[in-house]
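Take a look at the structures below.
In the two complexes that follow, chain A is the common piece, with chain B as its partner first and chain C second.
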Partner chain A sequence: MFDLDVLIQQVVYGLVIGSSYVLMAAGFSLIWGMMGVLNLAHGEFYMLGAYVAYYASSLLGFNPIISSLAAILAIFFFGVLFERSLLSPIYGKPGWETNTVLVTVGASIFLQNVALVVFGEKYKGLPQYFEGDLEIWKIVLSYDRLVVFSVGCFLIAFLWYFMKYTRVGMAMRAISQNRDGASLAGVNVRRIFYVAFGLSAAFAAAAGALLAPIFFVYPTVGTGPLLMAFAIVIFGGLGSVKGAIYAGFLVGVFESLIVLIVSSAWKDVFVFILVIIILTARPRGLFGIREE
Partner chain B sequence: MKRDLKTILLICLFLVFLLFPALWPDPYLLHLMILFFLFAVLVSNWNILFGYMGIFCFGQQAFFGIGAYGSALFALKLGVPIPLAMVMGGILAMLSSVLIGLPSLRLRGAYVALVTLAFAEVMRMICSNWVDVTRGQLGLTVPALFPGAGRIGFYYASYLLLLISTVILVKLMWSSFGYVTVAIRESQEAASSLGIDIVKYKILAFMLSSFMSGIAGAFYSHYILILTPDIMGLHTMISILVMGMLGGIGTLEGPILGTFVLIFLSEYLRGFGQFRFIVYGGLIVLSVLFIPGGLVTVVRWVETRLKEFGRR
Partner chain C sequence: MAHLRVEGLNGYYGHSQILWNLSFKAEEEEVIAIVGSNGAGKTTLLKALSGLLSARSGTIEFGGQRIDRFPPHRIVGLGLSQIPEGGGIFPFMTVLENLKMGAFLPSNWKKISKNLEFVFQLFPDLRERKHQMAGTLSGGERQMLGIGKGLMASPKLLMMDEPSWGLAPKLVLRVFDTIHEIKRRKVTILLVEQNVYHALSMASRAYVLENGRIVLEGASEALMGNELVQRSYLGA
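Up next, the complex of A and B:
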């Protein structure tokens, strides 16, 4: 039906896009699973990350990779600030589950429109990381995508290591499993929350900044990635970073195969239908944490 | 004392809305009122699922959109008379809710949110890609419900819709159905241990909520006269969410109040020009931080103050 090399090419593209989905979804999943906060402003961290990278490279003349790192760092602190000023005050009070959703929606509208006023509605693109393509056995991959993929994978590996072996990561997993238990064991839950929130924001910013040279940057650029993160998180299982990693790559590859087989206009339809079917069969996603 | 005061207030409100077109015949104001009526129906019916039953439905915009597109297409392609087409649009939305309600029965909380949202996105993309029928992003031109009568006719039609919807909801929530829904929200296990058929009640709630939302959508489509798939976008759901939560979910008056405040607030903020939505977003954040229970708590507070005043 298709040439094998076209198929492999699409799978490779899918993995590249998948790596950015993972960056976006892992943090979203962490915050939702651990804090119970559905952060609808998550897409705005993606958008802000992309803008910080854009201005760091166009105004300050940084190398695109350095500006991505600057964006990650800047949005980490922004995320911490966000949690301290907006979520902390209402967290745990009556009705906080819905109030945190509402606060993040408000913040999302606010940030999108600040971006519209400050940065303008024009689409902005970052210069390429490196020009040219890498060619291995008929598979062509631009260096840009290679950079996205490798930096993305590096960050994912870092997150994996962080969650599995560091004390803070273990504390995060403990809180996801049982908040009161973790608290009794001496975990400072509130402090872990803002570290986690900063981390989640930083990873979204990383996705935005890394993809900026490939896609464009504009104020509402975060909506699509937010929806995708939503799907991937549930697909992988709420609160499971491991699940988000698998599901992100899987959805990336699935999506690019649909582009090849059907058309790009229908790819999201198929992704969402797939998610509905999977959830019907496995009500807690692929790797969901069991709730009581 | 309290009962009487409330009744008098409600009757006053009813009369103000009834006489509104005569008192302020400004067409733009009427337009806002019509939007308020239609969105109030949509938001209060979403509130049955989200506020009363605890079903995290993030796909209400799909029911609204299916009602809108369904009714428009029945009228355009099959030549069904518009009032009948609107009811058929509502029924179509109701059927679609069974389709999406069944798989989400096994799921809890956040997972339901995704399934319903995914469903809405699929519907939006179908409307956007199926250009032969829906004209996609170009927009579908819809025949008007009252070709000659203009806004005033539509004002009363949508007002009537809101009244009917509110009466149904009040009757329902004060009946055993209302208690059962709250019981299900608080604990499914406890409710089912008392012999409550959870599946039946959830599906019934889905059907009612989606039917009314679909009808609201059908009204909207024959009023606004041009439909694009964007009405099923995430931002419609976010508006529903904000209107409902700002007013106060799980109460009957909250969603109506929230819708009213937000529709007129966002119009008022036009004066801020390009800063309009910055102020809008900022106000939402501030309102959550300072009135976490929603606007309903303010109303309740005033109510108790008045009661104390009357007692004195």
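Up next, the complex of A and C:
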């Protein structure tokens, strides 16, 4: 039906887009699983990261890698501030589970409108930074996309290592599995919360920043990625960073194959059909960690 | 001066008071037991001591320092370590990771290999299963992992919540042997138990908790001979 090289080309594109899904979903999943907070402002971290990268590139002339790092750093601190000022005060109080949803929805609307006022409603695009394409055996990948993919994979590897081997990363996993057990081991749970929140925001910002040279940047640009993160987290298993990694890449490849076989207009429909099918077979997702 | 001194401790869950004016103490390197039936408030008491239950009033002193306003992680840092019911383990982490988590505090993190060796000596089974997920362990192994995790925090005082709960008689004996071994390492032990006979034979002194109040206290031998204890707990 299709040439093999066209197929492989789409798979490669899928992996590129998948890497940004992973960046977006991993942090979302971590916060949901560990704190029980459904952060509906997660897409705004993506949006803000994209704007930081946009201005770092267009005004200061930074290359995409440097401007992504700037976005990661800036939004990490923004995320910490967000948790400390908006979530920490209501956390654990009666009704906090619904209240945190209200707060994050409110923050999402607020941030989108601030972006509208400050940055304007115009779609902003960056010129191609690294000209040219990499070509291996009929597979063509622009250098810009190659940068997205390499930096994305580097960040994912970093996150995986961090969660698996570092003291703080282990503490994050421990809190999601048994919060009292973690407290009794000496973990300052509240401190880990804001570090994790900053990390989660920084990874969303990385996705936005990396994709800024490829897609446009506008105030509501985070809505789509949030929805996708939602699907991936449910697919990969709530609270599982590992699940988000597998599911993110899987959905990215699946989506770009749908674009090839059906059409790009239908890709979200098929992604959500896939999620429904997986959930029917495995209600906790691929790597769900919640026992009860 | 007592190692752990509790004066007039009250504890609450929401609007209901669970612990009523409890006072007790433990000397250094002593084993004391707090015994009582289900629902007497034993677990709540341990939560109040370790800081997990913040709705508490009264004085708790440990090593001469007041700790009743401290959060759990600071209390652990002082050397007061609690092994909760079920061990407080992390089911989706390996045995080794669980033990490492027990040594989370920087001062303990440095002593990981030494403490790990001690735990593996105590529980050779855990060494064999160190790469296994904790959630796949048997009840007895989980209990041992919980104790091991508590020991990784280099405790000066170890509080154990029902270490014999749900275990086969043979395993119960093993757990109590282990407690003997820990005691020999100069760790003060506060044992909370439903298994009154075992608890009394292990501890030098004991307190009997009923409906959140201490109704009896004294040396273990004396309590063992006490009529109320015999009737209510030892089935004599």
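Everything below uses one rule, namely that the second predicted complex is superposed on the first by the 291 of 292 C-alpha atoms of A that agree within 3 Å, B and C clash if a C-alpha of one lies under 4 Å from a C-alpha of the other, contacts with A are read in each partner's own complex, and residues count from 1 in each chain.
Assume contacts are C-beta pairs under 8 Å (C-beta built on N, C-alpha and C of every residue); 3 or more make two chains touch, one makes a residue touch a chain.
For clarity, every value in this text was computed on a predicted model and none was experimentally measured.
In the superposition on chain A, no contact is made by A:4 with either chain B or chain C. Residue contacts after overlaying the shared chain place A:167 against chain C, while chain B stays out of touching range.
Of the two partner chains placed around the shared chain by superposition, chain C is the only one that A:186 touches, whereas chain B remains out of contact.
Touch criterion met: A:230 reaches chain B, while chain C stays clear of it.
Taking chain A as the reference, the larger set of touched residues comes from B, when chain B and chain C are compared.
Contacts of A:178 after superposition: chain C is touched, whereas chain B is not reached.
In the superposition on chain A, the residues of chain A contacted by chain B and by chain C overlap at 291.
Those residues of chain A that touch chain B in the shared complex are 32, 38, 40, 86, 89-90, 93-96, 98-99, 101-103, 105-114, 116-117, 223, 227, 230-231, 233-234, 238, 265-266, 268-269, 272-273, 275-276, 279-280, 283-285, 291.
Interface of chain C with chain A (complex): residues 50-52, 71-73, 76-77, 81-84, 87-93, 97, 100-105, 108-109, 135, 149-150, 153. Residue ranges of chain B in contact with chain A, taken from their complex: 103, 106-108, 110-111, 113-115, 117-119, 121-122, 125-126, 129, 234, 238, 241-242, 245-246, 249, 274-278, 280-285, 287-289, 292-293. Residues 167, 170-171, 173-174, 177-178, 180-189, 289, 291 of chain A are the ones touching chain C in the complex.
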